[in-house]
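By written order: A, B, C, D and E. Residues from 1 in each chain.
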Amino acid sequence: MIATLIFYILGAIAVIATLIAITRRNPVHAVIYLVNCFFALALIFYLLGAPLVAAWEVIIYAGAIMVLFLFIIMMLRLSPTTDPSRYSPRWVQWLPVLLIAIALAVCTMLLTGMDNLSAEGVPRWYASPRDFGYSLFHEYALAIEIASFQLLFAAVGAFYVGKPEALRGVKEEGR
Amino acid sequence: MIVPMGHLLILATILFLLGLACVIAWRNLIMILIGIEVMLNAVCLTLVGASAYWQRIDGQIMVIFMMAMTSAEVSISLAMVVYLQRRKNSIDIRDFDEMRG
Amino acid sequence: MALLLTLTLLLPLAGGVFISCFGERVAKPIPVVVSCAAVIASFLTCLGAFSAAGEGLRVVLFSWLKSGSFQADVGLHFDPLAAIMALMVTGVASLIHLYAAGYMHDDPDQSRFFALLNLFVFAMLAIVLADNLLLMFLGWEGVGFCSYGLIGFWYRKTENANAGRKAFIVTRIGDLFFTVAVLWLFKLFGTLSIETINARAGELGLVTVTILGLLLLLGACGKSAQLPLMTWLADAMAGPTPVSALIHAATMVTAGVYLLSRLFPLVSLSPVAMGAIAIVGVVTALYAASCAVGQREIKRVLAYSTMSQVGYMFMAVGVGSVSAAMFHLLTHAFFKSLLFMGAGCIINLAGHENDIHLMGGMRKRSKPVFLLFMAGLICLAGFPLSGGFFSKDQILATAFAHGDPFHLAIYAVGILTAAITSFYSFRLAYLVFAGDYRGEEQGHAPSGLMIWPLVPLALFGLAGGLINLPHLFGGHSWLADWLGQGEEEFHLSVHSEYLLIATAIAVFLIGLILAHLRYRRFREPAERVVGRFLLSGWYFDGLYERILVRPFLYLCRFVWVGGEQGVVEGIVYGFGRTFTHWGKLLRLMTNGRISTYLQGFVWGLLVIIGWFLLRSVA
Amino acid sequence: MNAATPFQFPLLSLMLWLPVLGAVLCLVCYKKPDLPRWVALITTALVFLLSLVAISAEPAASGWRLLEDCSWIPSLGIRYSLGMDGISLLLVILTTFLQLVAIVISWRQDKFPVLFFPLLLILETGIIGVFIALDLVLFYLFWELMLIPMFFLIGVWGHEKRIQAAVKFFFFTLTGSLCLLIAVISLYLLHGQQTGDYSFALDALKQTDLTATQELIFYLCFMAAFAVKVPIFPFHSWLPDAHAEAPVAGTVDLAGLLLKTGVYGMIRFAFPLFPHAAEKSLPVLAVLGIIGLFYAAWIANLQRDIKRIVAYSSISHLGLVLIGLAAWNQIAWEGSMLLMINHGITTAAVFIAIALFHRRTGTRDIEKLGGLWQSQPNLSAFFLLFCMASLGLPGLANFAGEILILIGTFTSHSAWAILAVGGVLFSALYTLRMVQGTIWGPSCEPFERQDLLASEWLVLIPLAILVVVLGCYPQPLLEVLRDPVSLLLQGGHP
Amino acid sequence: MTSAALIALIPQLILALGATAVLLIGAWLPMKRGWHYVGALLALVAALLSATVQPAALDVAGLYTSAPYARFCSVLWSLTVAATLFGSGRYSDQRRFGGSEYTSLLLFAAAGMNLLSMAISLVGLFLALEAFTLVLYILIAFNRNCNRGAEAGLKYLVFGGIATAFLSFGIALIYTASGSFMIAEAFNALRAGHDLTPLGLAGWAMLLVAIGFKISLVPFHLWTPDVYQGAPAPVSGVLATAAKGAVLTAFLPLLTLLGDSGETVRQIVWLLALVTMLGGTLTALVQTNLKRMLGYSSVVQMGYLLLALLVGGVSGGKALLFYLVVYTVATFGAFAVITSLAQETRELQDYEELAGLGYRYPKRAIALAACLFSLAGIPPLAGFFAKFILFRTAFAHQYTGLAVVGIFASLVSVYYYLRPVVTLFMRQDEKRIDCSGSVSEYLLLGGCCVVLLLCGIFPEPLLALVAAVFP
């Protein structure tokens, strides 16, 4: 019962945090608010009986990815001081976006809400790290491999693209 | 299950569309990427909820893969950001409309 | 016999083909020799075959077109009519070839001339000898082509070429009707054999016959330069003189008469058609004679007189006497070709001067030419006892003999025309020969080759009466018998015959006297409306230009600009323009902006979700 | 005409594929620019001889002189089946002959001969294939195969406005043939659903029973393709451009052969497959034919480019052919076939003469030309002869066909025939205008004064002989045409 | 993860491990073109194995299947990548980006595509799709001396990310509705009478958006021309052929498995096909840049392919595969020509620059013409039979209207396929651009032309093969 209550609170927090995040002029602030949202989500995951996922949410998203964002933002010195009007949309521009978003939201919710997946009879569910790991490394071993390959080549690509020095002796592509 | 699945879906949808709104509204590449992150998180939420609803674990496992994928994608995207910043000294997507028609 | 007949037809063809293929590549005289030889030989063979004509000779060379129920052979039919005609054609043609050999002596491309001349003779013979209408049509078009080529022989001058084209087109208009008649006859009889058609003509209804008759008449008008299709003949004088002599005096222009006489059994069944023929003939005769009075160029005078004489022949057919028609055809062929060739000589004498007002005194320049030309002229004018006199008189007599007012009217007009004829003949004579030379050209005397062929023609012309001498003069009207029409000739009472002859002589004298008074000594005529009216042939050219040619060109332009470029092309290119237009519009969507592209995503999603929602609500 | 026919020497296939072989050879020896000419010449000569050999084949009871049939794409029910009856025979001979002529006349083609001659050869294969294919898809393939080579011939080797002309030609033809394709596929499916055997064979598809509307729709789709090629009146606007802009070889093929494929398609496929619809459409065809006859003749009267004049004259003549088809009786049809062949020869000849004038004077403008008889008497004489033939002077080629058409038409529909006769007059008008502006009148200055070269004699003399002989003695052709035509008339008509 | 599964996966393993190996060794052994050939060899071997090796068990770890259909596709993609590697040696050398990274990335992309066509589980599908999408992000921007490359990379990145989000959300929703990732089960669970559950529909909506992006259907296609124009020509070739084909081949079973319950979805697909064919055609009409035109043409062609998807089942599948093969060869050939015409620093893309090249480089010009004519569906090239079979199937399954629209579109499309040909052969070349090709490129192009011609004249073998693919 408490859990349900907490869920709604957390949900509210997540939405609000996101709302603020996506409207900040300053990317740094946006990232910070987003981290809040992710924490909230992590807790929701925990409540839904996915402790591992919750942990990873915190570690990977809030920890790794967002920090990476911060790092890049810092590195490129993208502070709002550099002509904020250039990057950030005004309310006028937000308006149609919101209209579309709301329209979509309404449609989707109506559609998804149409068949009621009520929680009755669904017991609390708790995925222990053991059986999590078990199925992960039994059924999904191959998937793990693929994901690892992905990461490897992503790294390669990132390295290649991000290589600082331009190649010598190659004329700039004319077109 | 603590809440009806429907509510979870509603929450997820809201988050997803907020992310989408962010992507549409912003011209700043970083913010666009952030929006994408938001959308992906909404997906994670759905998956976790679904796995709780169906009492099956593979939903959560899918979340793991998504995280891996996300991090890979983010690394590339940020590298791209750096690259673009270096080339054009701008990460405003409005500056990238050389090809058209 | 069959061989001779075949040769008659094929010799000129062979000559023509040979010359047109190799004429340029052999020594100069050879083409001339070959062509003359070919024609003369064909004349001789014709002469040889003549005796067979009595009972009719038929030769089928090969089957030309055979499809389904339709069959047309290349077949010859040699009956009295064809025989007499063929003999005339080849004979006159031979003389004219000889004359031409002299006349065209120093023309650079003789060979083209003689090739066409030979081909013409062939085509003309095809008309004469054909046993079915399709072969006849072949000849019919063939002579058209040859006259086209020969009128425009000196093609460097555009007006010559134009004259040739005009002749071709105008006669072609007539041919349309002829073609339709041929098609119809086939539909009616299932064959095109002339004999069969003549034999079975009786089966047809009156209306059909009338229409057919009129169609044939129009066809004949085209070739024979009768009203309303007569405008080409005067211009055709642009061709070399031998051409005028052969084609536009002796042979081709009489093809129409021949056609009508050939199908006389068919045509004669319809009084309306006959009447029409007579009217056309007589009106043309009058019209042309009047024009001849106004002409200044010697050859145009002769051209118009030809027209009017052919009118007489039509009149003869119209009043129902083929023999009279053929009689006049023959005499006319002789004296008219004589006149033309004489005119050629005169033109040479006058130093290539055509205008009779600038001539005069030609008698002094060359006696023989004067005599020969005068011989022709008096025949034309109908000097008593000359060939022309008898033939014309017989026509008028036949017309008169019908006795009903219509024919009497025709007779009257005929007489009037005769008067005019003798008038312009002697006008010509006086202007050309009397007095002193008025031009300044230094002419040269014609060569012997140009004189001698005229002599036999002169004789034939003068003595032409003998071949159909009326009983009144102790003759047996041989021609009529030969054509098998002896018995159906009208026999007038003796005194009315005398009366007719008297009137004929009278009108001849009237014409002579008038001409004598007016032209005894030359006076430059004042420009008068009447003069111009007659000179221009009653302004018929201008009229046709206005009511036919120009509207036609406007029509063409309308169809081209409005129809083709406007509608057809417009639609075609319209499609292209529309598509590219839409393409350009859509292209604006791809403006390179990521945000714009995202809109695409979002709207697409909205549509899809919305549709799904609707479906699952419903 | 099924696989049961005993094996025979594959003459048809040989004729069909030899040119392709030649084309490949030309491409192989692209290093030496002179070789392709010779290869092309030899190939076409061989094909011509083969087509002459084909005369010896006696017609079987079914009317076919030669048949070949073997499996090709069984999973789609497409067979490789060729057949040749009298009509095809004559048309094929015409094709091979004109191709030979085209090769010789464009002997001096020195722009990219490596591609020029192969394209001509491939075109030949396409045309021959159209005339002998009995499987609808096979027919369609050859039909389209004519497209690409002609497109390049016009577009690459053509005159000033060549690109527009090429694209226009391509589009008109393709539009039509796509309609054809749709109809073919639907007919095939229908037949398959009815009988269970999915086949594109002509004889099989004849058995399909269709409702009146279906038949009409299919018929219209078929006719769309053929009408564009013929061309029937409203669909003709590609033709003048294409004819005027194409190089001489292309023009010869266009005027001499491609137009005939349309008519052939009608009589071989459209009429027999959809007899009722065809019967209903005959008056329309006749009217369109008459319109085309006059319309084109009138427009031709105003053209300045002599090639365009002749182009429009082609439209006019094919209008006459169409009238003959619409008359639907033995005489008229034989006349139409005859006129097709004669028109192929005469028009090709006229175009060749014009091309030779063009080579010498560098212009095709009737206002600039004139008096060429002075400098080129022989060439002008040929030109005059061909022109006279094309205006239907009796004794020369076209007349035989025309008069048969007229007679046949008059026996069944007098009014059409009378109108058609009127059309013949106009042909005289524009033809004489062209002759006048070209060889008569005061002479223009040609660049080269010399008359005919040996190779040109070589081309013109056979053409002239044919023009005369076919005019004076077309009987052998009519003999060949009689039976197939009557067969088609029975087969096509209820 | 059994050994049978491993055997079934050998080709993909070769690709992936080979990619890694090339990468690692390449760090020590910097040879430029050599690695291309090694990679091409590896891909060939993979193709060969997947063509020949008949695995004992079809199911691979519950994620993938090695059914004939999947193997056919993997052969196709492996070959495409092999050809790309083989043909892009000179191009990448001149731009100094050749070598091990390029090779390994392409190889891994090939692995991803193979897996995608093999997927029977949504997880597998997701992973495979992401695998090669990620790689493509890099490959598109691979030429680091080119602004347009960067721009193209950016555009593909942004849209790819969003598409990923949509895809995963769709998968999540379907999972929510059905409780399973196995496609067959899941879709069975989605059925509600002869329609899908609303949740399933929502999931499908998201899927459709993602797929629409990947195979660039109107209105999700706008990125296509830009990316094709900016990316290096060989990469554009892969993008236009293998990347799209893989998605299509994965899409076909999805739509087929819906069976008669997929009516609603089919309606949307029908709509998409319509607007794609029309919109793509019209926009392509006004293009003046070869690569952009090819982009739009690929859009239109996908529209045609949707016809086959709509028909679905065996007949649809046959038509799809046949068309896909022909389309792949032709499009790849076209891009190969661009690759081979490219100079040191720039590719010839604008028609103006192509004017008259047909006279100086007839071989390549003819190859391009052949590919374009094949795309236009003019016999005797393979494209004709591809279209023929496709439209025949559509007619046979009562998609007449759409088929007629398709035929109409392909009629109009001839215009924009002709334009480059016209400029190549019928214009005079003023600026005498010099662009020499290499032997490997000629070999490649010759191969393409031969395939197109053979399949155009004797389509039977390929048809039989395609028929054999479907049990």
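Annotations for the structure displayed:
Following the convention adopted for this analysis, a contact is a pair of C-beta atoms (placed from the backbone, for glycine too) under 8 Å apart; a residue touches a chain by one contact, two chains touch by 3 or more.
Nothing here was measured: the structure is a model prediction, and the numbers come from that model.
Each step here moves to a touching chain, and the least such steps from subunit C to subunit E number 1. The chain with its C-alpha centre at the largest distance from the centre of subunit C is A.
Taking the mean of all protein C-alpha atoms as the reference point, the chain centroid lying nearest to it belongs to D. The interface with the greater count of contacting C-beta pairs, when A-E is set against A-C, is A-E. Averaged C-alpha coordinates give centres for subunit A and subunit D that are 70 Å from one another.
For the pair subunit D and subunit E, the distance between C-alpha centroids works out to 43 Å. Subunit C and subunit D have Cα centroids lying 38 Å from one another. Averaged C-alpha coordinates give centres for subunit A and subunit B that are 5 Å from one another. For subunit D, the set of residues that touch two or more other chains is empty. Residue positions 123, 127, 130, 134, 137-138, 141, 144, 147-148, 153-155, 158, 162, 173, 176, 198-199, 201-202, 205, 225-226, 286, 415 of subunit E are each in touch with at least two other chains.
Those residues of subunit A in touch with two or more other chains are numbered 100, 104, 108, 111-112, 114, 117, 139-140, 143, 147, 150, 154, 157, 161.
Chain pairs recorded as touching, per the definition above, are A-B, A-C, A-E, B-C, B-E, C-D, C-E, D-E. Contacts from subunit C toward subunit E in the complex involve residues 579-580, 582-584, 586-587, 589-590, 592, 594, 596-598, 600-601, 603-605, 607-609, 611-612, 615-616. Note for the complex: subunit D touches subunit C at residues 168, 234, 236-237, 295, 298-299, 301-302, 329-331, 334-335, 371, 373-374, 377-378, 381, 388, 393-395, 400, 403-404, 406-408, 410-411, 414, 417-418, 421-422, 424-425, 428-429, 432-433, 436, 439-443, 472-475, 478, 482. Remark: subunit D residues 72-76, 112, 114-115, 137, 140-141, 144-145, 147-148, 151-152, 155-156, 162-163, 166-167, 170-171, 174-175, 178, 181-182, 185-186, 188-189 touch subunit E in the complex. Chain contact summary for the complex, subunit C toward subunit A: residues 602, 605-606, 609-610, 612-613, 616.
Listing the residues of subunit B that touch subunit E in their complex gives 5, 9, 12, 16, 19-20, 23, 29, 32-33, 36, 39-40, 42-43, 46-47, 49-50, 53-54, 56, 58-59, 61-62, 65-66, 69, 72-73, 76-77, 80, 83-84, 87-88, 93, 96-101.
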